[in-house]
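Both complexes below contain chain A, partnered by chain B and then by chain C.
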Partner chain A sequence: MSYYLQVATFICISGILGLSVYLVLSTGQLTLGNAGFMLLGGYTAGLLAIRLGWPIWLTVPAGGLLAAVVAVPLGAATLRLRGVYLAIATLGFTQSLVVIANNLTITGGALGLKDIPNLAARLQRFLRGVLAEAPLGLTMAQFANLLVLLISAALLGLAYWLIVRQGKSRVGRAFTAIRTDEVAASAMGINTTYYKVLAFAQGAFLAGVAGGMMAHLTYFIGPNDFGFSRAVEMLVFVVVGGTAVPAGPVLGAALLRALSEYLREAKDLRLIVYGGLMMLMVLVRPQGLLTPGMFAGWRRRLGLGPRRPAPGKGAGA
Partner chain B sequence: MFLQQLLNGLTQGGTYALIAIGYTLIFGVLEIINMAHGEVFMIGAMVGYALVMLLGWGLVPALLGGMIGAALLGAVLEFTALRALRRKGVSNLAPLISTIGLGMVLQNLMIRFAGAEPLPFRVPLSSGVLKLGPLQATATQLVVLGVSLVLMILLQWTLSRTGLGRAVRAVSENAETAALLGVNVSGIVLATVMLASALGGAAGVLVGVSFVSVSAVMGLGYGLKGLAVIILGGLGNVSGAVAGGLLIGVLEAMTVAYGEAFSGYKDAVAFIFLFLILVVRPQGLFGQNAAVTRRS
Partner chain C sequence: MSALLRVQGLTRRFGGLAAVADVSLAIEPGEIFGLIGPNGAGKTTCFNLITGLLPPSAGSVEFAGRSVVGLAPYRVTEMGMARTFQNIRLFGEMTALENVLVGTHVRLRAGVFGGIIRTPSVRREESAARERAMGLLDLVGLAGAADLPAAGLPYGRQRRLEIARALATEPQLLCLDEPAAGMNESESRELMDLIRKIRERGVTVLLIEHDMHVVMNLCDRVAVLNFGQKIAEGTPAQIQVDPAVIEAYLGRDDGAAD
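Let's look at the complex of A and B:
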């Protein structure tokens, strides 16, 4: 029971990570830097909790904020460059942070951060003080895990809702315009650098929050949790789930997380499957499983929303 | 001391340059970054390892074997991850994603096959040391540096003096025009990808020789270094890749020698320069192409 709750919790965190890559991709940029931002968020949250004793509801947003603050100058410096440059520069950023975390004393070097306050354990202790026994016929530990899942799901839901809202706003239309044709968008008076940095920083914030949650869900984080494989994993969520609708990365995260639990014993096998899926999806279905056209189609069939044909296919990856 | 570190740096830098040339050649003809190149490098090293340690062959056949193995893998790469995408005319991020995927598959297949631990790679080489005044050069260093230089000179000659080289340059300049003039573009692309991969494979064997070990996970770090080098040298620029590779190698050696407190950060040196260059001179130290800020 607790095991399934934990898997579901990690699916929610992965969904947030997928959304963080999706945001940047929705301006037509491919980032491999969100693993680095996740590292920043995770270590910030962990250190604030261990060293300064901050409560978890403060450390997680602090991690996200720090990641976003770092993302602004980094994005401003690299986003005026072409797509390939951004992918390389952000990969370099991630890898540099891994090297730094491996060498600093405060981050615990290669051994990582240990004894990070655990969200479920904290909740459990708090609940024991308030309730005589857990409701719903669960044990206290299970109930605490259930609450952790609900918190993670709420964070994912909030991020999803904000992204959908933003997508329908001036900002979202600017993102789409930039993804479709950056030069044309610029000619229409859209400040492309501003919007690209905005998406980059938003993505960094989400990745930082996910990193902070990750730190408080496990007792331990190490530098190698946030390297190249992590960066690629987030990208796979989007590539498989869908690059042009926010539901895509969430679906991708759920499917691939479930799959990787199934392949839990063999980490290398899981990565082989991820790699193969990336090659296959790009070739067979470059927009991912979910596409905007499908959504418009379903809405029409259900008699919801405007009765007009689906908007033109986005650029996708 | 300084000269000694310079030599050590150049030896290491030579292998970086070979890797970087691979990226830059492919970028030249296809305008894409082959993210699987680091793993091609690793497979080259592994083929060399198998020939020396399992079959007892010498250095030269191992080097040739590594290059041939990597070149064949390059052909696989071209047919599985690149050609089909070109035909469909998808966005410029697609080949980035598909080559990342292929790299992931190659690395983890190798981990399944050979484990992730380093494997000892001992090539029968003289253990003699050449002394030139204060300089000491081991036989290994001389071989690595010498082979890298010879390969680079051969490549330069191929590109500038042969029909194949002329065709490669024509396709880099403008593929459509080259096709109109009767160049077999897809053949040239295949040849370029195989050539680039062969150089990567040679670099893999040389790195294995100089560190006396190979591993299934060696591709990632070196692949990233190579990426930093081509940004430093300017994308698509072969001489820039050579100069950038040697420069990064020397800078790393100096960091370790003169900044002992920072020696753990050796692997970050390349990326610090990468950022500086991207901010100050995004076309690279030696690039003239002012259009890097344009979206391709």
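Let's look at the complex of A and C:
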């Protein structure tokens, strides 16, 4: 029971990571830096909790904020690079943070941070103080894990909602315009640098929050939780789920996280299956599982087709 | 009357080649000004220099009395200059309406928080922008195509959608790069009507065009480029009989007696 709750919780955190990459991709930028921002968020949250005794509801947003603050100058410097060059530069950022975390005393070096206050344990202690026994016939530990899942799901839901709302606004149109044709976007009066850095910092914030949550979910974080493979994993969520709708990376995260849990028994075989699936996906359905066209089709079928703001004078010439 | 756009000594070199060499133009408010010339004469480069997509090697560009050299393209657009592209550059996956809404971007204010929270003022701004965008689609005859993806529109409609998108930035000067390219006769007649309507709205028009019929019937004044240099300027009637222009287009008639 607790195992499934934990898997579901990590699916939510992975969903947030997928969304963090999606945000940057929605301005046409390919980043591998979000693993680094996740590291920043994780260590920041962990250290604030261990050293300064900050409560978890403060350490997690603080981790996200620090990541976003670092992202602004990094984005301003690197976002003039395109495609694979940006990916390489941001991967360099991630890897150098891993090296730094491996070598600083305050981060615990290669051993990482131990004894990070655990969200489920904290909740359990709090609940024992106010409840005689857990509701729903659960044990107190299970109930605490359920609450952790609900908190993680709420964070994912909030991130998703914010991205969807933003996507339908002036800012979202600017993102899409930049992704489709940066030159045309700038000729239409869009400050492309501003919006690219904005998306980069927003993605960093989400990755930082996910890192902070990770830290408080696992007791322990180490530098190697946030390296190359993590950076690629996040990208895979988006590639598999779909790059053009925010539901894509969430679905991708859920499927791949569940699959990797399911294949846990298979040990090394798991990585082969994982890799093969990736190749299949890129070859057979490069746009990802979910596309905007599918959503439009479902909406039409449900009779929620797009409304015309004002009927025009016929179909034009 | 002082010129809306004053270009002086505009030069752009690519390596050893001067794609645009010492071009000077003065475009008065309210006129339709044509920029013509054989293929490769430097017309589009000239446009890119004027609208800030390319930095000039030398020369000045003043718009409404202010220099625009060195400004990012979005700033030039902010100041009131808008353009279309020779090789149509619409946002293909967006609908026609959304394309025009992107054009309104520069005149709207909603930021991240306003857009997410949708405050009353943002909602008012957004619905006013939609109304204006629909009005512009109507102007270019695309009101019925508002919800169709831009990439799926026929060529002539895409050209007109680009004009609507540029108008949405509320320009004083509209720069059109070969708006009639690929249009048949009736389409280009409609286009001329549209450009005249745009001028009636108080927008000055600078256009590059190959279709001489369009240029001669539409433009108040015309400048002719050849190999990056301005070789003539005047009314369409003057240009048509200018020997330098005739030579540039038809070549020298060596056999003729002078």
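We take it that the second predicted complex is superposed on the first by the 291 of 317 C-alpha atoms of A that agree within 3 Å, B and C clash if a C-alpha of one lies under 4 Å from a C-alpha of the other, contacts with A are read in each partner's own complex, and residues count from 1 in each chain.
FYI, contacts are C-beta pairs under 8 Å (C-beta built on N, C-alpha and C of every residue); 3 or more make two chains touch, one makes a residue touch a chain.
Being a predicted model, the structure only gives us computed values, none of them experimental.
Asks: Quick one: is A:A174 in contact with chain B, with chain C, with both, or with neither? Answer first, second, both or neither.
Replies: second
Asks: Tell me which partner A:V183 touches in the superposition: chain B (first), chain C (second), both or neither.
Replies: In the superposition, A:V183 contacts both chain B and chain C.
Asks: After lining up the shared chain so the two structures overlap, which partner does A:V24 touch, if you call chain B first and chain C second: first, second, both or neither?
Replies: neither
Asks: Scan A:L198 for contacts with chain B and chain C and give back first, second, both or neither.
Replies: Only chain C; A:L198 stays clear of chain B.
Asks: Answer with first, second, both or neither: which of chain B and chain C does A:L40 touch in the superposed model?
Replies: Neither partner.
Asks: In the superposed arrangement, which partner chain does A:N103 touch: chain B (first), chain C (second), both, or neither?
Replies: The first partner, chain B, only.
Asks: Can you list the residues of chain A that meet both chain B and chain C?
Replies: 183, 315-317
Asks: Write out the stretch or stretches of chain B touching chain A in their complex.
Replies: 32-33, 80-81, 84-85, 88, 90-94, 96-98, 100-109, 111-112, 220, 224, 227-228, 231, 235, 264-265, 267-268, 270-272, 274-275, 278-279, 282, 292-296
Asks: Could you list, by residue number, the parts of chain A that touch chain C in their complex?
Replies: Answer in residue numbers: 162, 165-166, 168-174, 176-177, 180-181, 183-192, 198, 244, 292, 306, 308-317.
Asks: Quick check: in the complex, which residue numbers of chain A touch chain B?
Replies: 28, 30, 77-78, 80-85, 87-89, 91-93, 95-96, 99-100, 102-103, 182-183, 228-229, 232, 235, 239, 266, 268-269, 271-272, 274-279, 282-283, 286, 315-317
Asks: Help me check something: in the complex, which residues belonging to chain C touch chain A?
Replies: 51, 53, 72-74, 77-78, 82-83, 85, 89-95, 97-98, 101-103, 105-106, 108, 110-112, 114-116, 118, 122, 126, 130-131, 134, 137-138, 140-147, 157, 165-166, 169, 187, 190
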